[in-house]
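Both complexes below contain chain A, partnered by chain B and then by chain C.
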Partner chain A sequence: MTAKTTILNLTDEEFVHPGNRACSGCGLSIIYRTALKALGRDTILVVPPSCLTVLQGLYPVAATQLPSLNVTFASTAAAATGVLGALRAQGREKTTVAAWAGDGGTADIGLQALSGACERGENFIFFCYDNEAYMNTGVQRSGTTPQHVLTTTTPISGKPQKKKDVPAIMAAHGLDYIATASAAYPIDLYDKTIKAKTFTGPRYLHIHTPCPAGWGFLPQMTVKIGRLAVETGLFDLYEIENGRFRLTGQSAKMLGKKRLPVGDYFKTQSRFKALTDAHIEEIQQDVDRKWNAYENNDSPR
Partner chain B sequence: MHIIESGNVAAAFGVKMAEAAVIAAYPITPQTPLTEKLSELVDAGEMDAQYIPVESEHSALAVCIAASSAGSRTFTATSANGLLYMNEQLHWAAGARLPIVMCVVNRGIGAPWTVWNDHQDAISQRDTGWIQLYACDHQQIFDTVLKAFRLAETVSIPVMVCYDGYILSHTYMPFALPDMEAVRKFLPPFAPAYFLDPARPKNLNTVTLPDIRPDIRGETAPGYMEIRHNLHTDMRKSLDVLSDIEKEFKDIFGRGGYPFIEPYRVSDADYVAVCMGSLSYHLRDVIDTLRAEGISVGVAGLRVYRPFPDRAIADAFSHKKGLIVFEKALSYGNQGALFADIKSALYAKTDRPFVRNYILGLGGREIKTTELADALRNSCKPSSATTDRPEWIGLKM
Partner chain C sequence: MEKKTPFAERKSHSEPGPGDGGRTGSWRVLRPIIDPEKCIPAKTNKKACFACWLYCPDGVITKTLLPAIDYEYCKGCGICAEECPSGAITMVEETLLIMEEEK
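Coming up: the complex of A and B.
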């Protein structure tokens, strides 16, 4: 992957219209705009109900310049399969099929269809924009909500369970290309999307996507908070390419260096208000263990 | 050319000759031999189609919805709980106006588990916006698959082809396979008005507001209610379309001609047994027996359940003395759904027959000829009256 991509390398062409229905400070706006530039015009999108459904606009107005199929919540990867089947039948195989689902549509209700499509080796790129709860319905806990986080269905004590590791589940399917990315590092996402396009078969990108309304921070802090998640070692940027794991971008730069304490991230968002000092200490130890494994070139995966 | 094969294979040959391009399916008894046959035809290179073995029925219909949206002719098949698992996708396919064809190999639904035949699976999905056609034998299964694609693509509404599990799906009967040229004449290639295309991008199935709304050019676009109203009116119109297609099919292939009601000894009968699926053919023997006893009775098989051919029913039966509706399904807490629909259709007429309702064959309970004959002997009397609750045949309480 070239490390030289800058904002100037990105096409001027916009596939997402400004003035769409995203909230101010929406992390999804950043990644959707950027990744679509990498995907290019010859792309068909598949979208389950999620914040993106709203961002894309209300009939008869559409915010996206690419053809987009809205599908039922559980069926994203199966619908992508169907688009691919028709494209094969019609000899239109050059068109890229990209699915865009939130964390609920990926890790929870969408997981069966995603697993089936990955097992079949369907030729799509699946983007999971992970804002760590059901934001479109009003911040209910999801499988990828981190432990102790306050949501409207874990309103007092926070979520008892830990975050589901979806990229690891995808890795267990033997995908040729898996990457994580963050809304705070859009060029990294751009490069990974370009790289994903060079593979065939199912490809999976898991994107940490800060959400001001759901996480409890001011809209101008989106990028700052996304960076803090990476800089504290809580969310790591990496690729799993043909089974080989490697840290990338900012996370790779942090190898051998001191990380920011996880508490620096937690104190920026009201969703972490239920965390006790003991919780924070426990999470810090988990993060340290994970990074020790990285340092010893011993991937936790 | 005539061949002797199972009902499931008859359906598979219908799909092959309809040249479906994308097939997705998940195995469920008694549908499985149909999809096995399709996978074999594709694997052997005898059929140029994408066969996608999905991980659930929900995904099977998702594949068809997406492939149809992308402009290909699609097919799937299921039974019983598989159909129920598709429920949200059934509504979605109809709302999105996609001409998907699906065989429903009718089976009872759990709990408790049953794999045997009744009609509760399809009847419980009657309000999903799908057209439901019912076949009575193997030839009708094959023919109805072809008609279903033609109808679906003419009116942009998905179609279920329903036939009885085991009774038709797993029995062997002779049926004719037409020439491909004749089939292509009857069923031209699928040519959708729009489909997923980067050169002409559209956002399909977008969130739609309660009220109408102008687009960016200032032209008024329909709201949710207008879109749903159109589905309903187009479904009503599809009765006429089905009638025309049936005529054309008969002209080309020399079979059929009964789009709504297939009668047997009905025209001169005082009383008529009404039912759907293979039971209407089984009842023909019973009718012959009762005729020999001097009872003036015939049997009518309903070929389409949704849209409901209410006018055809009212016109055909309002002057009769009595209708006896036999059903392998039930609207729990009320009565047979077909029974209620038929009474509703007859309400438009001032002169109308009594209507009685028998529930039978649930979960594959054996339907005995003697029981059918007894039910008709008891019902086909001037003293009979319309009932508001069903009676049960073969119940051992």
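Coming up: the complex of A and C.
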């Protein structure tokens, strides 16, 4: 391994132009900027309709400096397979193909294509930035929206169902590298992207991405809220490397220590207004159970 | 007769460039201002910290000893002020600054 990545040795070469259409305080902008630094110039992006399409820019100006193919919602991983086929025909097998989809494009609409491509063992990196709803169309519930969260399609008592655990679904495909990351820890994301590049075959990264407009918090709090989700134990940073599960970064540091109560996280956002004390107690017990399993080295996956 | 472009070449293709959303600096309500007395790399004259550069969603802050902000495109989210460990960045009401500049 090379030297540890820090803010100081992280490249200041930018791959995303400023003045794009992303909202003020967008969590996606932070992770996109950072992960592209890790992916490098020799990369082709495949992007379905999502907030990222908005960020990437409308015709004729693009905010991204890398070649990027905009495809239909359900076909991200299938289109990435096609790009890989074209590169193979041209003998350009060193070029990285990275698919970037939102949680809707991954967990709901794009799941079938993704599952198929992973089963075939296509050589791409799939990034899912999870902002926990369909943000770009106006905050509709998605498969990864947490339970009891208010969205425009669950406006009164919140979403009744629980959040879909997509990294676990991907782990069940037996991928060589799966990792979770957060917009609040860009260096961790950078390292995981660099690591993902060293593997071949399908690789999956799931990134927790706070959204000021959709979650109901002030734009300056994006990073603080992302950090709070990790520090309360609600979202865990981990990687599954050749089937071996390992907590990383801040989550690894929290093993055996007292976590912040989950209520601290829920207080910060207006989308959790429908939560009752009983709900919070129930979620706290779920989180405690999950972390007990981590601490007893008994992976919940 | 006009020559027809082959179907494969008929595609919408964007060229990279800044400002596809216009001058996003005009979205700003609060303007971040860096105090060189408090900013760690400016104060110590050493490459250090740069938390504002790392967390800026739009990449409009430079990684220089006194970080510079591109106000043309800074959307004024305030993440830099929130994340600055030494409290060197203050968010100032944009309208007051504009009124002062126009004087």
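The rule we apply is simple: the second predicted complex is superposed on the first by the 298 of 301 C-alpha atoms of A that agree within 3 Å, B and C clash if a C-alpha of one lies under 4 Å from a C-alpha of the other, contacts with A are read in each partner's own complex, and residues count from 1 in each chain.
Keep in mind that, in the parts below, a residue touches a chain if its C-beta (ideal position, glycine included) is under 8 Å from a C-beta of that chain, and two chains touch if they have at least 3 such contacts.
Because the structure is a prediction, the values reported are computed rather than measured.
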Task: Check whether A:C26 is in contact with chain B, with chain C, with both or with neither, and answer first, second, both or neither.
output: second
- request: Kindly classify A:A274 by the partners it touches after superposition: chain B alone (first), chain C alone (second), both, or neither?
  value: neither
Message: Output check: A:Q65 vs chain B and chain C. Expected answer is one of first, second, both, neither. What do you get?
response: both
- prompt: Given the touch rule stated above, what does A:V287 touch, chain B (first), chain C (second), both, or neither?
  reply: neither
- request: Quick one: classify A:G57 as touching chain B (first), chain C (second), both or neither.
  value: both
- prompt: Touching A:I44 in the superposition: chain B (first), chain C (second), both, neither?
  reply: first
Touching partner for A:Q112 - first (chain B), second (chain C), both, neither: first
Field: Partner chain in contact with A:A89 - chain B first, chain C second, else both or neither
entry: first
- line: Residue overlap on chain A between the chain B interface and the chain C interface 57-62, 64-65
Statement: Given the complex, residues on chain C that touch chain A span 12-24, 27-28, 47-51, 53-60, 62-63, 70, 72-79, 81-83, 91
Interfacial residue positions of chain A with respect to chain C in the complex: 7-8, 10, 12, 14, 16-27, 29-30, 33-34, 57-65, 186-187, 212, 218-224
Query: Which of the residues in chain B end up touching chain A in this complex?
result: 21-22, 24, 49-50, 52-56, 58-60, 62-72, 74, 88-89, 92, 195-198, 200-209, 213-216, 221
- request: Report the residues of chain A in contact with chain B in the complex, numbered from low to high.
  value: 41-44, 46, 53-54, 56-62, 64-72, 74-75, 77-83, 85-90, 95, 112-113, 115-116, 119-120
